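Same chain, two partners: chain A is paired with chain B first, then with chain C.
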Partner chain A sequence: MQAFEYARPTTAEAAVALLGSQWGDSEVLAGGTDLVSLMKDYVVSPKRLVSLKDIKSLGGIEYKPKSGLRLGATVTFQELLDSPEIARNYPALVQAAQGVTSPQIRSRGTVGGDLCQRPRCWYFRLGYGLLAQSDGKPLVPDGDNRYHAILGNEGPAYFVNPSSLAPILIALGAKVRVQGQQGVREVSLHNFFITPKSAEEREYALQPNEMLTDILVPPPEGIHMALYEVRQKEALDWPLAAAAVAFKLSGGKVDDPRVVLGHVAPVPWPSLEAEHALEGNTVGEASADEAGKAAVSRATPLSKNAYKVKLAHVAVKRAILAAAKGGANA
Partner chain B sequence: MANCKYDWPEAKDRKLIGKRISRIDGHEKASGRARYTFDMNPGNLLFGKILRSPYAHAKIKSVDTSEAEKLPGVVSVVVMKPVGKEPQPEIQWAGDEIAAVAATREEIAEDAIRKIKVEYDPLPFFVNEEDLSQAEGHTKPAVTEKKGDPEKAFQDPDVVTSEGYYGVPVITHCCLETHGHVVDWPDSKSLRVYASTQGVSAIGGQFADPLEIRADDVNIICNYVGGGFGSKFAVDTWGIAAAKLSKSAGGKPVKLLLERDHELLVAGARPSAFAKVRVAAKKDGTLVAWDSESWGTGGMGGSGVPPIPYPFHDKFPNFSRKHTFVSTNIGPSRAWRAPNHPQACLITMGAIDDLAAKLNMDPVELLMKNADLAPDPTLAKYYREELEVAAKLADWHKNWHPRPDKTAGTVKRGLGVSLHTWGGNPHAGNCAVSIHPDGSVEVKLGSQDLGTGTRTVIAIVVAETLGLPVDAVKVTIGDSKYPPDGPSGGSTTVGGVSGSTRRGAVNARDAFFAAIAPALGAKPEDLEAVDWHVRVKGNAAKTLTWKQACAKLGVKSIEATGAQKPRYTTEEQKTECVLNSGGVGGVQIADVSVDTETGIVRMNRMVAAQDCGLIIDLKTAESQVHGALIMGVCYALYEEKIMDRQTGRMLNPNMEFYKLAGIGDVGELVVHMMTGPGYDERGVIGLGEPPVISPGAAISNAVANAIGVRVPTLPLTPDKVLAAIEKGGMA
Partner chain C sequence: MKDKRGTSRKGGGNRNALSRRDFLRAGATVSGGLLAGESRAISAPAAPETQVLGPDEVPVTLRINGTENNVHMEPRVTLLDALRNHLDITGAKRVCDRGTCGACTVMIDGNPTYSCSVLAIEAQGHEITTIESLSDGTRFDPVIHAFVANDAQQCGFCTPGFVMACRAFLNKHPHPTLDQVKKGLSGNLCRCGTYHGVEHAVLEAAGMGHAGVMAPPGAPDRKS
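So, the complex of A and B:
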């Protein structure tokens, strides 16, 4: 690992002032569970790490029935899991955190780090760049793409967004607060994720000298929510496909549904097709299955990942059924 | 064989042998006090790292280490593929070693290897062997064999034939403690090596020639091993490199243990095996004919040939088979726990299970019927008994159903059965046993405990022989200074060490009795050692505590030796006795649930009925089987060395995508060891390997039973399970 400078500022403003204006100069260090591995593998070699450890304002969980939930960027998975307010009001968020079954990652990994973690594409991690290219040729289409994207995969990005928290947060309409040199801005989490067009870009809408400070989730009133992740193992592993849903029921009919898929595209993938299919329907096996089918209707699987189309379909169906069963938040 | 002096005690006299005894180093390990090679951090330590080729096949034009040498903190550099002499070095797999660096800090060594400049001439490579039609130019015939008249047998109108395709990909050993050494030179001629090895007494010589030193000037030390599974018999190029780095650093200790990715790239792989099979039986289930065309890769060199049809190879009435080696640039293979057998088992037991389905027969019944095809009648008898025990423990007659599971719902349950055999004869070895005047007892041998319980077994044998509790015996192993013992491979260790230490302990006891008999006013042959006492047989008045008896030795300890030879002539058997043998059987039943919408297989239960002759420690024997079942679940459901055809590199050299089961993934494990009359008389037989042979087949068969169709190759991942269901299952 290349030698680096280690900075430990105490305010968010000071932190961003320490970040460089180009990707790669410096990196934000939260729990380090992803970043340190990337550095040991020489996938990223920053000259400076800006640790968030001493910035008190980045911690904390606050819930108010009127305004909803604020999660500080450095809240850990474990803190999220230990919060009775989150358990009561956002059960699907708990499901998402529970999917990360490693106690070590739960106690070190942060919610901000979960949203900003880098793709797990094995070509990227072996050093072929974010877009997995060798001599300008993309390696994914003709390579082993069993875990790659089935949607939004027209290239040049084929990886999948790895975050377990993002799909459900987007389904709940979450926003994030971003601290920049000029001050603070708010972005909907949906717009926070982008599909990079070049290997020099990132997968999220931050400037190199910006950082994420808070996650803001609207009140859950009347919302049925669930996350379903298709996981081959109980031990620490990545989902093969995931679906988050949130909707209201009025007179037994689905109202204003949100369906967001995970692990199927370079970004968390809101499915308008599934939402249309669900809107105004009663929830049952058949309508849930229809929505699942709609969610993958435009899937374009690669050579080795057609099975993920079926998994995403099933994940949507099961998430919808679980959400309806789970009851709404009062 | 009664009355041979080393014979194992009669069942009624056994105080320790065959009981459930906790491993004597359990606390050390669980508390983290046990020091593995990875834990050795002597003062002045240097860290060694290796630069590896990113190309799967290339010639090396030049290696320039000057920039690395200039980096502050770098102490020594060794080029492992020197250029200059003809022929030009050629790399045959990505990950092959180019050069090594030792530095004062780990990160400096990592940075330094990246400063080494290597010019490669990349060459074409081949890394995916499953599709044999793509392997032209990379194949070599390995075995062609024929027995009886299979074609005629297949044509008999009264037989039922099943055809299928079965396979197991290359997997890695993935030792939790990676391969490597901590090496230093106490003086310019002698080398001290803390090794993570399966052969404490065996590997020293491998350092001698390359370093131009004497084999007996190499001291190998290894007290604990974090997994070997057949991959840790060589000191490897990196062991030699570590010694050279240390030498040019003035003898300072160098720690060179592989990175996780390197462990998975180069330090052990199990050959693949794929087969197209036809197998036929009479309508009553009697197996009559087998025909297979199989292939597999073990890297560039050959690999073993799976002994199909397994384990019926020798007795199968009519068969023909052809096996082809495929050379690939994927890295070398190594012995993997029961080499070639898990592959042979999946291929044969999978094919036979499909045939049973075609015959509308219960596969347990079919195996029962054909048990006489076992290599010998004893094993046939064992198979029948084990099939019965396993079926009972798995509630087979209640839980098994013909294919598929026809109950409602998306999750289907299935049961599958398999059986296996293995040798397990002892290796040769020696030991020294001392009884000291203060009552302490020590046994020393240059053996190793791979986590199997070797230490504990040795303590039990010596304690049983001397009438002591287990913890009264000090077991000293793990150093090549001690009497040499064989390497731990082929399930030979328990036979080897129990044979040598039984003889050593009997010899020590007899010498001890001879020394103290006069003090008791008795003849040596009238003495016995029981319950921590020495007494005159039949005369309770003449009893000494063990300590009192030892005190009679004065100042002179008893020093005795014991040996286990690889084999004994009939004549030798009369005096040396027969303490062990080989040839075990085992039956396993898997019980699984398959989510037919996601293709995910969950383990409900694995049942194993296993024999291994006379069991020294029932608890550690059961643990061996538990470990094997877990390893079996891993390779049945998750493991695969995934090679990229474009870059020639392994895509999952990490424990994230090289998937292994966690505790929640293995289900319930039920182990039954076959013991008592009919089993114990065979003496001690090795157990490490046999129980890992069947799980792949049993689990694959269980999945087929659940969904009604074979998933042809392991691992049984969701993509393959869904594809099988779509193709012809019950979806």
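So, the complex of A and C:
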């Protein structure tokens, strides 16, 4: 790990004032569960780390039936799981957090860190850059792409977004608050994630001297929700595919469905096809399967990851069935 | 004598510092771009007077097993390396060093934590508990007894981390089910595959009395 300067400001404004204006100058340190490893491997070598540890305003979980949920960026996974209000009102958020199986990660890892986590692509982690290129040639299409994208993978980005929480948060219509040099802005979480076109970009819509401060989730009234993850191992691994769904039922028919896939594209992938297939239908094996099929209808698997198409299809189907079974929030 | 083991030879000195001059220059460039047409120079909205430490050695105070330790180290030193290389507290093991295997597990404020993934400087002001606290030389924590009695180790290298993860888990779940044990220990790996023994050790330790209290000498009855 390269040596670096370390600062521990007490306000979000002071924190962004300490951040450099170029990627590479500085990094924001929250739980550090991934950043410290990336630094040890020289994948990132910031000149300065800005620790969020002493910024009280970045913590806290608040729920109000009228306005919904606010999660501070440095809320840990364990704090999220220990919240009775989240368990009662956002069961799918609990399912998503439970997917992070290691207690050691849960006690340290933060919700903001989960959204800003760098891709797990092994080429990126081995130093080939965000777009996994060697001498300007992409390594993924002809390489070991078994865990790479099956949607949104026309290049030059082939990695999958690794966030555990993003799919369900997007399905629930969450926004994030961003502290910048000039003040605070809000952006829908859907628009927070971007597919980079160059290795110098990042995969989220932050300037180098901005940071995420809060996650805002609308009230869950009347919403059926579920998350379904398909994994190779029970623990200590990222899912191969995940599906988050949220919808209302009016007269037994699906109303305003949201279907967001995880771990299949460089961004959490809202599936308009699946939503269209589901809208106005009753929920059953057949309609859920149709929606799953629609979700992957435009998939373009790479040489070694066609298996993920079926996994994503099934994840959508099972998430829909689970959401309908789970009942709506009063 | 300062012990520099565990810190990389690369870097060092001030080479990787974000100098005030670099920072202002870079800031001016971008704000010039973003605020084209506005005459305002970069004006940080709030207190830029936050103290910036390092990259050279800084004083760090770590409270470990109830004792304050004052050491000097670079901000890049992890808690694991601080324990092992600066303080000679070697119970926590360095295996993957990437926050995956769990051999470096300690407790911070009672929470199980990968000490390889926490900077020592970030652990200041918190209560750090290592496996050394589970024995006074003659008496041992029930988890340790239960590990021996249930053959919960083979090569033993993952054991200190597993024992700490078990202790942290039992402190929170004094009467766990087997399913809870499996989920509660999912942050530790054993290449020898002693998971079955570990699961039984945790269930046995749970029945051995109050969490955190050391058993008197000779208390555990070996099963075989």
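Here is the rule we use: the second predicted complex is superposed on the first by the 330 of 330 C-alpha atoms of A that agree within 3 Å, B and C clash if a C-alpha of one lies under 4 Å from a C-alpha of the other, contacts with A are read in each partner's own complex, and residues count from 1 in each chain.
Assume a residue touches a chain if its C-beta (ideal position, glycine included) is under 8 Å from a C-beta of that chain, and two chains touch if they have at least 3 such contacts.
This one's a predicted model, so the numbers in the text were calculated from it and none came from an experiment.
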Worksheet item: Between chain B (first) and chain C (second), which, if any, makes contact with A:T101: first, second, both or neither?
Response: both
Fill in: Partner chain(s) touched by A:M1 [first = chain B, second = chain C, both, neither]
both
Discussion item. Looking at A:N281 after the superposition, I want to know if it touches chain B, chain C, both of them or none. Which is it: first, second, both, neither?
Written reply: neither
Worksheet item: Touch check for A:S57: first (chain B), second (chain C), both, or neither?
Response: neither
Worksheet item: With the two structures laid over each other on chain A, which partner does A:A235 touch: chain B (first), chain C (second), both, or neither?
Response: both
Fill in: Contacts of A:Y307 with chain B and chain C, given as first, second, both or neither
first
Practice prompt. Tell me which of chain B and chain C touches more residues of chain A.
Written response: C
Item to complete: Return first, second, both or neither, reflecting whether A:G143 touches chain B, chain C, both chains, or no partner chain.
Response: first
Fill in: Which superposed partner A:L126 touches (first chain B, second chain C, both, neither)
first
Discussion item. Taking the superposition on A as described, I'd like to know which of chain B and chain C A:A17 touches: first, second, both or neither.
Written reply: second
Fill in: chain B and chain C footprints on chain A, overlapping residues
1-3, 40, 101, 234-236
Worksheet item: In the complex of these two chains, what residues of chain C are touching chain A?
Response: 8, 10-13, 15-18, 22-23, 26-27, 29-31, 42, 44-48, 50-56, 58, 74-76, 78, 97-100, 102, 105, 108, 111-114, 116-119, 121-122, 165, 168-169, 183-187, 189
Worksheet entry | chain A residues touching chain B - in the complex, by the definition given at the top | 1-3, 40, 42, 101, 120, 122-123, 125-126, 128, 134, 139, 142-144, 146-147, 230-238, 240, 304-307, 310-311, 314
Item to complete: Please name which positions on chain B make contact with chain A in the complex.
Response: 107, 110-111, 114, 597-600, 637-638, 642, 644-647, 649, 651-652, 654, 656-657, 659-665, 717-719, 722-723
Response to the item:
In the complex, the residues of chain A that touch chain C are 1-11, 13-14, 16-18, 20-22, 25-26, 29, 32-34, 36-37, 39-41, 45-49, 51, 53, 78, 101-105, 107-108, 181-183, 207, 209, 234-236
